[in-house]
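Heads up, the next two complexes both have chain A, just with different partners, chain B and then chain C.
Let's look at the complex of A and B:
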């Protein structure tokens, strides 16, 4: 594609990339190829199926400045766990420890570039994964050694910050060696001072028998843009677990692609999202069953209120030959006030005959009988609505087995529910 | 305590209550009996403030205030309690939370300090013993997976904890076996006091063997057709409801 055909936004990022290149590190050709791929794909058009319910017009109209390597630490919220590393606009500040929280840590100086910056093709977010590969200033490799067992949690707080609207491109690669076990918490925050754009990539591989639990907390302020591509390959008898809490950002899109590659590979992806105010939160989950006896569970609960909008697009494909697989999808949504909207699309494609698959989705309002019951016992209407909403989310949040994080999510949910229910009561 | 005058209520265009009059004084126990569809449960629902009913005429005063103008939670806080015919299952909201929130809402209205967790537990344990309920139930979801009898016992437990001034029991005996009925009746009787009034809505006389009423009213087609003492209930048991209707229409 010639440069003249680029949209103004795409051209902006390419120019910014040229200016930033000397500071980026890594092989220029890989970065350039990624940038070209982004330029080729550009921003999604209104007709693109993968972006049917999420318009990026607002995002495209902004000219975020891609972040340069951070040199000074910034304030970050208190950690939930003992082992924490903060990344500022994607890059570590100062010396990265060799190991932390059950992982060995590598950077472009110490880890193979093809692991850190590899291309992630396909899907609606390929363009953004490419943009990330071009601009990511501090890609980080987390790895375990075979058989290594850790009960620690490594918290990575990814801060997006800047003196003007900033594009941060954090990129984390995780390589779980055979039979290893670890836990990781990815915590997305921003300074709230400007509209920032976080364009994140997680590239995860689990070798045979490995087990990774990933806690995800999205809690940027009400002006943030967030796009994230998560690519997960799960080997034989390995298990990938994600506990997702989407509480923040103005406009967010998360693509979670999980490929169950080995026999008896398993994944469990559960989460809640709270689209209040005028937030737009979009989750696309794609699970590919590519081997026999693979199992997957997707269970998301969405809450929307005011002008908030939620999008859930969950897909499971059971490929030919993936016999005795089990794929379950559940998506329940709650519309707390009029004006809110949730678009949900559970999707199953099955090309094997000996499988168990199910999907169910509901979108509704709080049960008026339950509301009356609680009020008839003296609870105010906001209290009753808040209790029922917490119960709704609680069914999924109960799976967040890291107490400080779970408490935070519950408290934040409470705080926001009290605010929005008292206003609308 | 409760004064109902010429109360008319309907759901949509369907008229259900067609001029109910009822006076209830502190310390009294009233039974409202009547055939299915006579408006018994509607009366209880309207008094508790359930949405969906239009009161088209008449008044209901509670302790001198216009009861129908109050939100359901305000009625509860002022001491009106409805034991539901069909208690609602609410998974994820546990019984302990509900009992504590309800009790503290009532106490706050009465100008009493909120109970802390320790005081609350001490109080609740005694009441649970009375209702023959296991403590494990406190951490369960409200009515979640309860049997019919457990749900009704739970209603009376809530009532025992909240100590209402006016208790409305809507078909509390329905679906209970004889043992469960005894437990429920024991709970209700333990709450009889000179300051408290109880209005029981029931289809069968059976409940009245265990909770003896001072007054029995026959509600039929939205009106109270006859009022008597407990012997009226026995007569209804023997003769059915038709003779009351006939006598009323003849009058």
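Let's look at the complex of A and C:
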């Protein structure tokens, strides 16, 4: 592909990649191939179905500088749990411990590279996964040993920071050995000083009988761009659980692709998002049932207000032969004020007959009867609205069984809702 | 519920019942599409200049467009230059003055289809504007309708006799730029039906048209325009069957409905084009653009469809709810058996205040059929108090078929309430077992369960259609469950 065919933004990242190359570890040809793939795909056009409700024009108009390896520690918010590792622009600062919070840790120096920088094909975020593979500076491998059971939670705080608009490319691979159990908390933050772009990739595999609970908190700055791709392969009788909270960034897109590969593999993906201000939050969840007796649940609750926009695109595909599968999708949304928008698209693709699949979605306002009841009990209008909105999100938040994290999300929702409802009441 | 060879044999043996070709001499243009073809069509139909200009605009626009590929369909490439764009039964004099003058072979064709034109029309009290290939050959009950002031005629007649209505309303709901197939239709449409119901008139009978594709290699491009003036009420029935043929035939129709203040339009369809044989050979390609606009306040448009035919169905009857308090409805049963593919659904665009819409879609997949529901519910910021309820259920019969749901919901008004629910299931063994234990044969039990599954849609159909639809479903599914 000649350089003239590239859009200015794509060309910018390719040039930046050339400059940064000497500092990047791993096999050069793998990085170059990833960059070429990104250059080939470029930024999504306006008519691309996967980006129907999310325009990247603003992102494409910016010229972020890809981060170089971090050398100095930065301030990070307090941890929710005891075991924590901070990654600055994707790379750990200083010496990485050999194990932490129930996981063995590896980096590009110690881990097999094909696990850390492998290409993730398909879908609307393939281009960004490729860009990440080219530019990621400190990919991290978390692994467990067979049968290892851990009740600890490992928190990874991913900080994006820089002296100007910075592109961070954090990349984490998780390999759960057969029969192991672990919990992981990923917290996305930034310094808020500039308009940053975080382009993250999580590449997760669960062997037979493994169990992983992933808590995710996206609380980036008001000006941040965040694109994340999560690729999860679930083996026989293994279970992947995700508890997602999306509260920050100006524009965030999360693609969660879960492939239920083994018999009786299961996944449960729940989340809340708050699209207030002019925030644009887009969640794509794609669950592929590829074996018999697989089960999936998706349950997202969204709140949009002001000029905020929430996008939910869930998809369950039951492939031919995946009999006795069970796929459920629920998406409920609240539109609190005019000017806000919710776009929701719960897709089902079924190629097997002995299955139970359903989806339900609702979008509306707070129930006037419930509101009236609370008012009659002496609550002010903002209090009543806030209580009902919290209860709406609470139904999903109740599944976040890590208390400090749950409290933080509740408090943050409270703080923002009170402000929001006072203004609009 | 094990699949036995006997069931499969029955499935394979299931033939299209309406498959035959009538040998009628046709005036057919040579295959190909260019501006000259459009000029010839317009000339044959003795159209005024504005029609020709409109057609040419559409053709020029069509050349700038690409064949859409977003539907969940596998379509062999269509060579638009190998299709003949006009075919008319040969005129004996200057067209038939009465049924007696109609080509007897044509009438015999309707007999074979079970549509005894005059008999059925008289007994059922239905006016039939029968479209054979591309030209209307007979219209009945004109007198009764004209007494009520209702205009019900072929599109060609409307262009001759009511050009002002055509000029005002043609393309006002589906503009010639709308989509690939609608644009193609705008350029080359040969005929169709036109209905105008004047202010305050309740149309005295159900209006009905039977479409039928006959001559080889002629795509059929129908155009229907229905205008319900203020406070009027009309129910329109459309049903199709087509003869058996090995080559894929293209059908790209456009239906436009306009409902003014307080008007009510009910549009029902039973579609049974040739679906191809049990190996997926042949069958009609059915690309239809149907859209109604509730232009006036408190108007109502209701679409009901039973889609059992066609190799490929690409069809999204839609409602643009512009008027305050207007109502849009969509009830659908779609069946995909053998190698049939259906990508169908609706769009409800809420613009006016307190607009309401209901969507009920029932998809049945059997054999290797692929059935897709695709729908859009769009609530614009102006649609204060808008309300939508959508339910789409899929029934799967066999492990080689597919049922898919792609619902789009775009909500931009906080006072709107939008609900969507969907389920996918098969006929439960315990349901079947219960019926069998009561002495009901397996085939009857399946029919009963399927009819129960579809009941909520069938009850929206006019009575005589509801019976036909049930039979059609039973025939289409014969032997596909075991």
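By definition in this document, the second predicted complex is superposed on the first by the 425 of 425 C-alpha atoms of A that agree within 3 Å, B and C clash if a C-alpha of one lies under 4 Å from a C-alpha of the other, contacts with A are read in each partner's own complex, and residues count from 1 in each chain.
Keep this in mind: a contact is a pair of C-beta atoms (placed from the backbone, for glycine too) under 8 Å apart; a residue touches a chain by one contact, two chains touch by 3 or more.
Computed from a predicted structure; not experimentally measured.
Should A:372 be classified as contacting the first partner (chain B), the second (chain C), both, or neither?
So A:372 only meets chain B here.
Looking at A:210, would you say it contacts chain B, chain C, both, or neither? Reply first, second, both or neither.
In the superposition, A:210 touches no partner, neither chain B nor chain C.
Between chain B and chain C, which makes contact with more of the residues in chain A?
The partner with more contacted residues on chain A is C.
A:346 contacts which: chain B (first), chain C (second), both, neither?
Touch partner of A:346: chain C, not chain B.
So in the superposed three-chain picture, is A:269 touching just chain B, just chain C, both, or none of them (first/second/both/neither)?
Neither: A:269 stays clear of chain B and chain C.
Once the shared chain is lined up, is A:380 touching chain B (first), chain C (second), both, or neither of them?
first
Which partner chains sit in contact with A:390 here, chain B, chain C, both or neither? Use first/second/both/neither.
first
In the complex formed with chain A, which residues of chain C make contact?
Where chain C meets chain A, its residues are 70, 72, 381, 394, 396-426.
In their complex, what parts of chain A are in touch with chain C?
49, 53, 320-321, 323, 333, 335-365
Spell out the residues on chain B that touch chain A in their complex, using ranges where they run on.
48-51, 71-73, 75-77, 81-82, 84, 87-88, 90-93, 97-98, 101-102, 105-106, 109, 141-142, 158, 162
Chain B touches which residues of chain A in the complex?
On the chain A side, the touching residues are 367-370, 372-381, 383-384, 387-388, 390-392, 394-395.
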